[in-house]
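There are two complexes below, and they share chain A, which is joined by chain B in the first and by chain C in the second.
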Partner chain A sequence: MKKYLRLYAYFLRFSFSKSMEFRFDFFFRILMDFAWYGTQIAFFSILYKHTNLLGGWNFDQVLIFMGSIFVVDAVNMTVFSNNFWWLPTYVNRGELDYYLMRPVSSLFFLSLRDFAANSFMNLFFAIGFLVWTILRYPESFSIDKIMLFIFLLICGILLFAMMGMIFIIPVFWLHSQKGLKDIFSSFQRFGNQPHRIYSGWIKHVLTSILPFAFVASYPVSILFENSPLKAVMHSFILVISLFLFMRYFWKKGLRAYSSASS
Partner chain B sequence: MTTKLFFKTLNLEARTTMSYRFDFWISAVIGFIAEFGAVWFLWNAVFKESNSDVIGGYSLSSMYIYYLTVILISKIVRGSRSKNDIASDIYQGNLNKYLLFPVNYILYKYAQHLGVMFPSFIQFFLFGVVVILVIDLPNDINLSFTSIFMALITIFIANILYFLMNYMLKLTAFWIDNVWSLDAFKWFIVSLLGGYMLPISVFPKNLQIVLNYLPFKFLFDFPVNTLFGKIGVEIWVKEIAISLIWCLFFLIVCRLVWKKGRLQYTGVGI
Partner chain C sequence: MPLIKINNLHKKFRVHKKEEGFLGSLKALFKRQYIDKEAVVDVSFSVGKGEIIGLLGANGAGKTTLLKMLTGIIHPTKGNVEILGYNPWDRKNEFLKEISLIMGQKAQLWWDLPAADCFLLLKEIYVIPEKQYRETIEELSIKLNVKHLLNIQIRRLSLGERMKMELIASLLHRPKVLFLDEPTIGLDVKSQRVIREFILDYIKKYSPAVILTSHYMDDIQYLCERVLIIRSGKIVYDGLLTDLAQKYSPNKIIKAHFKEKQESLNILLDLQKYGEILHNEKEQIHLMVNRENISNTTNYLLEHYEIIDLSIEEVDISITIESILDNKKLDSINDY
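Let's look at the complex of A and B:
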């Protein structure tokens, strides 16, 4: 564990010095994320001009939901997205050898090596926005609920990242440009809306096989519910199951990999 | 640039795009269903919880058709991302050859853009035919041969407008190191203000007035409403003229940026 933490500290140091090379990109990344936050807030603001509730939530509650989505996205953009972007290229060019030879987990190395320091600033904004939406909410929340919310949101971040990876791993067989990343992006839209608007089999899919409902919507809902333990257990089991599946799938993928130099 | 070269470039790019067939079709079909599924549940909830029959001039069923159409039209207006875009040419030094070749660079890039878009064009017609055959059109949508003909012209102009906006933005690669985030920035703005995320008639009235003076509505909202027969011929001609003026504006800006940018270019490998 100590070895992995030390290694991650090196990743961070390298990423920060690299990001300073591209100062314009640093600025434009902030601009891009602010545009995304702005369009999402505008989208829900316009919807709420026509309705008072959406999936049982009022606008104040949806603002907390949006803050949570922004935090999940900011962590993903900062910690994982660069790594997921480059993985298909390494696989298709047969350039994974360098990472497979290291005396550390290849999954760890390839998922976390490239920390996007240029997205780091947005993480502060996203967290700030989430805290602001919670503080401006007309009722106050107990410390227990806030702690549970933070725990579920961390689970949501992990679920989101693992689903992202699971959709990229098929590149070992498909050799396409991005794996199935585009499909993942389409499904992602389900997670950007309150889970109570879904019904029927899609609701079951979003809470089990593709648990987008547990990324931000369920974590936010426990702030307004009285019996949150079921959701906490459900989320925890999902994180463990998805992690085991991702590791199994990764190993299967590596077996299908053919190096450019062998 | 000769017509023959234009179509050869288009053909080559279309074949390159189609080389990842499985990925392309799976992504297209599942992406289409997932994207529509998400808005289906969203608007179902909005209509139910607001107890409204009509929002922004759309009934629930015509709102579904709006999104089905806008998702399909956006495939043609935006096209797919090409590996050979302007920014890549600048970063990788591929622009060197185009500066020497006797071709008009912007026309060459447009031919490539159409080529990359060609498979999306097939999807548009296939999915479009399925939608028309499977779904009963609500009364407030008046699909006719005239509206289809007008819509095709509108979509073609929207495609050119989107290409020029994209081209202008990608030319900033002469000065900045990475245009990816600017590209994403553009899409967020265009998707909201152009009517991809929401029909413009759903926006507050004062914002609708502002949007009328911007070029974004010509990309998605205007083509959809033209197809639905909601735009009279006289207004359509006027709006088409305005959209062409926007195209001309972006073309002039592109030329100016290109002229300035070329002087900044340091051809890798020269």
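Let's look at the complex of A and C:
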């Protein structure tokens, strides 16, 4: 465990020194994300012109939800997205070879190696926005609720990343450009709305096999509920089982890896 | 006790056959035809401590596939391998710590970082003690003459310099088993020589088991006593390099130095009865003769001409090997 933390410290160091070379990219990414934040907020403001409640939430509550979505997205963009973006290319070009030969988990190496230091600023903006939405909320929250919320949000971030990975792993068999990343992006949109607007089988899917409801929506909802422990347990079990499945699936994928020759 | 033991190893790749053009692609979308390509067929051999064997074969013969199975990168279809007592494709950390693979055609060092940073990362990965790490870098970088380049980004280095860094990177953890896949490809003659000598040096010092593939016969001749020849995935020869020439090259070369320049056509016609004239310039004639006729021919030459000097040599080993790789001569021979 300590070894992995030290390795991650190196990953951070390398990507920061690398990204200083590309200042333009730095500002471009901030601009891109602000555009996305803007459209999301605008979308919900328009909806709330026509209704007071959406999935049981008023506008103040949806703002907190929005902040949580932004944080999940920013973490994902900084920590995982570069790695996930390149992985299919590596698999198809047979460039996993050296990663597979190291006495370190290949899954760890390939999903965390490339930290996007140029998205780092967005992380601050997103967290700042979330804190602001919580502070401006008319009522204040107890400290244990806040702690549980943070815990659930971290689980949500992990769930989101692991689902992303699970949709990329099929590239070992499909040899496509992106794995099934496009399908992932379509599903992901379900998670960008409050979970209570869904019902029936969609709701079941979003809380079990594809737990997008647990990425941000459930974490936020425990702030307004009285018995949050059930959700915490549920989320925790999801994280563990999705992790085990991802690891199993990754190993299956490696068995099919053919290491295209140069 | 061999460090590498390989028994009846097979690897089959399944590739889908596509007909030409757009219609072909469309057809393949609905009905796919697969063909099995046998990359490695029933390979068995073993390598001992301190032994370096040369793996020879044309492009696509299965050399790299074999090495990738031995390093646990790809899974075999059948057969078993034991390296240092481990099964490579379990990819146990204990096993991975003891081996190294260098591929001349694939870079392991990160393009944007200087070598020194890459080495630091490897130090963490392999948990190399500080002292050993410093000593190894110092020693290897001086030997390869790249010490002044350690802090320059890899992408700014020349191919030869980069390859030297790759070598250092692969040897930092002092592997007990080493796989070298064309380590000198594309390098100039001088760099090739430096790297060859360096590898030999390392082997003498740490006596690992080594498998080397190379297209350059110089590498093989300099480093390997024993060679394996692989053709279409099968091993067709396993033995000493020197035996190879005797067994599979039917000819030798007689180099005769005549007292006077031999101008008349007669002598040429005369000699052609015994063998093929490879070279005829001034007083020198080189004649390629079947092994069995060597004594007849030399007797004849010495009796009929005034000769200052005469020598008998083996045909260049690379020519012999090329002919083995090219034609089917060895298909029926299994006496190794």
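As a working rule, the second predicted complex is superposed on the first by the 260 of 262 C-alpha atoms of A that agree within 3 Å, B and C clash if a C-alpha of one lies under 4 Å from a C-alpha of the other, contacts with A are read in each partner's own complex, and residues count from 1 in each chain.
Basically, contacts are C-beta pairs under 8 Å (C-beta built on N, C-alpha and C of every residue); 3 or more make two chains touch, one makes a residue touch a chain.
Here the structure is a predicted model, which is why all the values come from computation and not from measurement.
In the superposed pair of complexes, A:His50 makes contact with chain B only, with no contact to chain C. Looking at the shared chain after the overlay, A:Phe120 reaches neither chain B nor chain C.
By the document's definition of touching, of the two partners only chain C reaches A:Phe14; chain B does not. With both structures placed on the common chain, the touch criterion links A:Tyr98 to chain C but leaves chain B unconnected. Using the contact criterion defined above for the overlaid structures, shared-chain residue A:Gln193 touches chain B, although it does not reach chain C. When both complexes are overlaid on chain A, the residue A:Ala42 reaches chain B alone and has no touch with chain C.
Annotation for chain A, partner touching more residues between chain B and chain C: B. Residues 13, 64-65, 68, 71-75, 91, 93-94, 96-97, 99-101, 103, 105-106, 108, 110, 112-113, 117, 120-121, 124-127 of chain C touch chain A in their complex. Residues 21-22, 24-25, 28-29, 31-32, 35-36, 38-39, 42-43, 46-47, 49-55, 174, 176-177, 180, 182-183, 185-187, 189-190, 192-193, 196-199, 202 of chain A are the ones touching chain B in the complex.
Residues 20, 22-23, 26-27, 30-31, 34-35, 37-39, 41-42, 44-46, 49-50, 52, 55-56, 175-178, 181-182, 184-185, 188-189, 191-192, 197-198, 202-204 of chain B are the ones touching chain A in the complex. Of all the residues in chain A, the ones that touch chain C in their complex are 3, 6-7, 10, 14, 18, 94-98, 100-104, 255, 257-259, 261-262.
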